[in-house]
Amino acid sequence: MNQLPQTLLLLTLLGYVLGVVASLVCLRAEKAANFCGFGIACLAALTGIAASITGLLTGATTAHESVQILPSLIPYIRFSIRLDPLSLFFTLLVSLVGLAIAIYSLGYNRQFFGRKNLGVFGAFFNSVLMATTLVFLADNAFFFLIAWELMALSTYFLVSFEHEKEESRNAGVLYFVMSHIGTGCLILGFLLLFQASGGYGFEGFHAVGVTMAAGPRNAAFILFLVGFGVKAGVIPLHIWLPVAHPAAPSNVSAMMSGVLIKTGIYGLIRVYFDFMGAPPNWWGVTILTIGTISAVLGVLYALMEHDLKRLLAYHSIENIGIILMGLGAALMFLHTGHPLLASLALIAGLYHTINHAVFKALLFLGAGAVVHATHTRNMEEMGGLVKRMPQTAFCFLVGAVAISALPPLNGFVSEWLTYQSLLQGFGTTSSLIRLMFPLGGAMLALTGALAAACFVKAYGITFLAQPRSEHAACAHEAGAPEVAGQFLLTAVCVVLGLFPTQFVRLLDPVTSQLAGFALSTQLSQANGLVLAGAKATGGSVSTLGLALMAVCLLPVPLGLWWVFARETTVRRGPTWDCGLQGLTPRMEYTATGFSKPIRMIFKALFRPRREVQREYDFSPYFAKNLRFESHVEEVFQTRIYRPLNWLVWRVSRRMRALQAGSLQAYLIYIFVTLVLLLMFAL
Amino acid sequence: MNLDLTAIVLQTVLLLALAPLITGIIKNWKARLQNRRGPPVWQPYLDLRKFFGKDMVISEHASWVFSFSPYVVFITALLAGLLVPMVTVQAPLSLFGGVLALVGLLALGRFFLALGGLDPASAFGGMGSSREMTIAAIAEPALMLAVFTMAIAAGSTDISRIVAATLGPDWNLLSPMHVLAFAALFIVLLAETGRLPVDNPATHLELTMIHEAMLLEYSGRYLALMEWGASIKQLVLMTLLVNVFFPFGLAVAAPAGLGFSLLTYGAKLLVVAGFVVIVETTNAKLRLFRVPDLLSAAFVLAGLALLSTFLFQ
Amino acid sequence: MHTAPTSEIPAQLIALFAALMLVAQLLLAVQRMLLTSIRLFAIQSLFLAGIAAVVAYSHNAFHVYVVVALTLIGKVAFLPWLLDRQVRRMKIIQEIEPLVNFPMSMLICGGLTLLGYLVARPFTSLERLGNNTLAVAITLVLTGFFLMINRRKAITQVLALLTVENGVMLAAVALTTYGMPLVVELGIFFDVLVAVMILGILVYRIRETFASMDISKLSQLKG
Amino acid sequence: MSLLASLLFVPAGAALGCSLVRSRRVMAVLGMLAFGLTLAVGVALLLRVAADGAVTEWSGFLRADALSAWMVVLISVVSLATSVYAGRYFQRDLVARVVTEWQVKEFFILTPLFGCGMFLAVLANSLGVMWAAVEATALSSVLLVALYNRRTSLEGAWKYVILGSLGLALALLGTVFIYAAACKGSSRQLPSFDWSYLVTIAPQLDPRLVRLAFVFALVGYGTKAGLAPMHTWLPDAHSEAPSPTSAMLSGVSLKIALYALLRFHILTAACLGPAFSCHLLLGFGLLSMFLAAPFILVQENLKRMLAYSSLEHVGLICVGIGLGTPLTIFGALLHMGYHALTKPVLFFAAGNIHQSCHTLEFRLIGPGMVRLLPVTVLCLGLAAVAATGLPPFGLFFSELTVISGGVAAGQMTISVLVLAALIACFCGMLRQFTRILPGEPKARSLGDGRRMDGVPAMGLLLGGLLVFSVWLPRPVLDIMHQAAGIIGGEP
């Protein structure tokens, strides 16, 4: 039918390939490499946006067409892409975020001049974009896995791009190992589907789950949950995430946190809603539970961080949890046969997916600028940056408000939709299960409030008050491209926040493909000004209206000012210092101190270890100097992964004894094998 | 549903006018219960007037965030107020958002309040913000759960609809759901409005104060806006409490019975204020790390309320 | 039509020689002196040649005579001479110190013989020449294997390897109509020859570099 | 001159020539020419076999069916790359005074003989001759392993030769049993020992004898092919041999032994039905894969680690054949090819590192190789990515083909095990390579980092790998399908 999206998409992929080639061609000339590699990436991403939007608007049919892009080589492989709404939606996501990041990188990479090889960087950046796009578009499990592994591989190289640092190397290894284990699960899952459908084509997989026996079906469910869960960073499979995201260069972190972990979400949606058929109840329950746990624990661990990028990484875990809550609810509705509510929940999940992509990328870009300016990731050594890097500070503030799910920005909208679907889910079943919905909602509220607390801390300690270190004191605003990239995402945040009804229209084909309902008309009231729940009476919200109303109310305080306080003056003075000789940065409230109440309240979870060393001459009340350390250990790290790792090493070292170097021993192995075979095999 | 401009204006005025009075009344009654004469009930108006007249001293470390916060706090409180039905069942802005939007708006205000506390680089501000955000965080689930209980019963998150549902024929005051949810919300109210036993609005002792600590660096009209915003928020929460659980007397149609509804509304507010006063005078302030116990009690109450909707039907 | 000539003289001769080969093998297993064991190997090969000769005679097949000749030249004369020379030239201490003491190794050899017979039992029907030759062959292979494990010195391992070879050749003669095609026989023969030479070279180099032939010293490559 | 014979005579002639001339450059060129020629012949042979079935010469003494043709091509490619690499390699060694002129000459004489032996092994029709040829390869490679004449290299060589020739003795016994089984049916005159004949009469053979024969052949050739637990010589020999030899050992020599085993497997399957031999192959293959993983993880020596990875790949090939469906066998053959293209590159790069750092111990090599030897590390990295089974390289396809073939055959558990082993090996390799390749090097420079050591050879192989990963010519596919048919027991 419509060739336009197709051709545009092929152009996009071609563009990424071109980017790889170009950056490799100008390997020696780093400026040229930077310009070519990321410039081309920008263009390709733009094409991708155009392609996906046109596709979603015009080709709003669930019938996908599949396009062969390479001749097939080996049985079962077909290098074909599909253009169905879900793929197009996620392509939109990757292109949008990719565009902003590419623009940002044009400036950000200047710090690498003379130090690193930007040609390689650009090549891998483009290949990640290409591989991710292919993951979203692949129409064949084999092809999907190829793209998936390519993505993991390029990401590995990007994570350990600054490989002089031990940290980056280890982070890369951890990431790749976890990702590969996940891939193993995916392969097995696809093999199960392959067993049922007899092929690797996605069109063959469609609703194949209903034909499968319960055992393999549930096995496939769990395998996919683990496989995609690792990539998405679901607790308890998340350990690579807070290690790998900070270690990478910030534009890469933005890429990973914004886009790459969404491939996991894409996979889950694709498999559970497209392939698996009507789900049993416990699937949805599992997903909802896991989502809730991830959300709450993610934000709690984030609160404990004073490494800015690690904090953001933990927030990614939290947001993935929120997305999963939407998906889980949708699955439960599909089970109880409420496709309409299922579509609502799905919309909530997808909406939050793109929201998180946008504001998390924005935050990481801001963090990148800050880290570059202050030469540290430790918030305790930042501060006062709002004066020194105002634009970055503004964008970061917008991102913070958005991620804390505060009106009128996009985070609030998607969480509002999630609340709506949860609340209306209460009526769908009469079993005790339905208590999960409001409880999940309560946990979501807790998450939101904690996130707000966390970002008050992050923003306040990083950008406000006095600079806490020399570097912070003499920090400078990032260059034009960086700021441009951030402002682009900021604008998207605002638009997604203020015009939800218009955006929901893009989701219509997706929901009608996966859950059988197109809701945008139901969801938009008062000709698009107001976003309503699935039921007309279910409640409604209008971020735009609230924003306008706030503007209308602005005259009240201003008027009061004009009436009463016209002739008052404003004086700049020192902060009240209890009569000391001025406040020094050391007297400011620290990030650790800020999160202490939470740490104390959730002591059982964090198990904080604190070491205090005092030195005093005469009285314990006048310490000469005092050293305070406080560590929080992740329970999964200490309880699961470390022992496992230890076990593997132990066993391997033991096994080396087999190859102890004695020829006699080797002869005995062969001898015993022979004798055993003679005795039993005959 | 079109927007009724007069209603918006009237309710705004009502909010602005009534909020300081409630604060004053509570102060006055507390004093009387403690055998002091106490300030007159209109004292807050005088304070506000005076604050507005004063020159401002702004910390040299503070940035634009510091000056921006008071407006946000004030306006979000007002907006939130426009989402709750005060004297009519139909809240003027109910189309623009239900109880979720209300909670969100209050959270937005709190967010900037806390930032404003951190901005001047004083340790008190940071401490205040930290505690404020912590308490809010643990109060949130209880609040939401209680609200959900009502919302589920009404099948809507729109407060006007909830009120209408409770106002409906099958309304009985003493259904366990109502009682439990009310108790939960009341505790949350104490926490959110910085009342004893969570926070002591009257103290300026560094180590105990929460809300005041954040305002320490504010002066002049900013302080006025902050105080006013705080009292509006308190009024809004009280209104939510009384009108959701005891909606009788609310005017269904705009002009008719406004007077009566106004009277009943005032009476209900006074009762709640009395409750608050009694609680404040009979309780000592809790240690910060005991507050979670209180709020988790609220959470449990709300959970029970939810369970009761599930059991008794 | 051809049937297993169990009652004929050649068959009995073959059985006898095979038994003697086995005896030689067992003697090798308990032999302390290096030079003696080399001679024992020569004797064993001699019996092998004898068997081949009997086969050749009873079937008057020409190419088996070639095999006989090769065995005589190679395994009876040349290889023992070679090893002998090497041993003398390198002045190896005569004492062989096995890993397992002699009673024990006797016991194990007995067990292996039993296993050999068990394995060979089903095939007695299709042996053309004499009973249990196959059993002896398999036993030779297994015990030779055990000898390799049991010896420490490089030379003795070579020797054990050669006895294994003998076992294989015995099987070849015993089981097949009369030996394998000539080209194969030649190939095998020259391979064995070259193998022993190369082993000799290696033994020499090892001797040079390690100043010893105790291969338990060859244990640096681990893991 | 006829195809098959030329395959034997060309390398032999090269060996002769090398023994006559004294200039090193001439010897290197001779080697390259010889194997270049054999590669051409091999391709011609492949085309012909793909077109019209098996080719026989010398009244059926030499016979090449699809399987042989495939092996011939692999041998030629690896040997060609080796001889391309060897010239400069030994030049550097001579400069470093690690080897003497005579040892280099020894290498250049023995390597063509090695190749010649392998050609004979795959071309010989008679099982006995095949055995003799395999033994010949073993013997010719022993001296190559011992070339450096260090204590350790002597040790490695000794273990190699003892275990190898012992194994081959057992294999010979197996061969004898097969022949005996053949004799039983026929009358007094000597029956033919040709595989092509045996496979026709296989159904009439005495099953018990064939069973016994396969057991001995499995243990015997399995030792040479490095199947666990008979693999113990493998890391020693591979790590101690000069890198070109390691490349040939790991790249093809293992597969030659495997090929010999396959011939027995086909006969056994034809006689007893596939179950018996397939199950044994499966068992040994899985054991090898699982044994390789921990050793890779805790390995301290680069080339030993590579050897263990070869163990893993051989295991995978065995599993693929043991699963016994056309698809899995096809995957296994494909895997043979890709592995033959990949592993030599790894060994060449390891050789460069060895010559630059004078050690193979990871902790002594230390991090930052990418700074010191960028070109080498680039090739090493690409080959490592391929060897760990990641796209876009072919081993990913072949591994996945084997696994999914297993599932299609209803062997879910096998596939799961294979996958687990592959993942484990991947993790080990990743960790080990991350130890040396990236990072900031210790304060030492290895002279000119931009040196192009061995790039022609590695480029040749990597180029081939990349090309054939995305595009397999029709004849090659045909050959592999035919070979799969042969192994699968189709007439």
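A few comments on the model shown:
The first chain written gets the first letter, and so on, giving A, B, C and D; residue counts start at 1 in each chain.
The rule is short, and it goes like this: contacts are C-beta pairs under 8 Å (C-beta built on N, C-alpha and C of every residue); 3 or more make two chains touch, one makes a residue touch a chain.
Small disclaimer: the values here were computed from a predicted structure and weren't measured.
Listing every chain that touches chain A and chain B alike gives an empty result.
The chains other than chain A, linked only through touching, come apart as B | C, D. Across the assembly, the chain pair joined by the most C-beta contact pairs is A-B. Seen from the Cα centre of chain D, the chain whose own Cα centre is farthest off is B. Annotation: 45 Å between the Cα-based centres of chain A and chain D. For the pair chain B and chain D, the distance between C-alpha centroids works out to 79 Å.
Remark: chain B and chain C have CA centroids separated by 101 Å (rounded to whole angstrom).
Chain geometry summary: the mean Cα position of chain A and that of chain C are 71 Å apart. The multi-chain contact residues of chain B, meaning those touching 2 or more other chains, do not exist; every residue touches at most one other chain. Across the assembly, chain D contributes 158-159, 162, 166, 170, 208, 212, 235, 295, 298 as residues in contact with two or more other chains. Touching two or more other chains at once are residues 656, 659, 663, 667, 670, 674, 678, 682 of chain A. If each chain is drawn as a node and touching chains are joined, the picture fits none of the line, ring, star or complete shapes. Every pair of chains meeting the touch criterion is listed here: A-B, A-C, A-D, C-D. Partner chain D is touched in their complex by these residues of chain A: 70, 73-77, 142, 145-146, 149-150, 153, 160, 163-164, 166, 169, 172-173, 176-177, 180-181, 184, 187-188, 191, 194-195, 200, 648-649, 651-653, 655-656, 658-659, 663, 665-667, 669-670, 673-674, 677-678, 681-682.
By the touch rule above, chain C contacts chain D in their complex via residues 1-2, 59, 119, 122-123, 126, 137, 141, 145, 148, 154, 157, 161, 164-165, 167-168, 171-172, 175-177, 180-181, 183-184, 187-188, 190-191, 194-195, 198-199, 201-202, 205-206, 209-210, 215, 218-221, 223. Touching chain C in their complex are the following residues of chain A: 656, 659-664, 667-668, 670-671, 674-675, 678-679, 682.
Considering their complex, residues 1, 12, 16, 49, 52-61, 63-65, 70-71, 74-76, 78-79, 82, 93, 95-101, 103-105, 107-108, 110-111, 114-115, 118-127, 129-131, 133-134, 136-145, 148-149, 151-152, 155-158, 161, 216-217, 220-221, 224-225, 288-289, 292, 299, 302-303, 306-307, 310 of chain B touch chain A. By the touch criterion given at the top, residues 99, 115, 119, 142, 145-146, 148-149, 215-216, 218-223 of chain C touch chain A in their complex.
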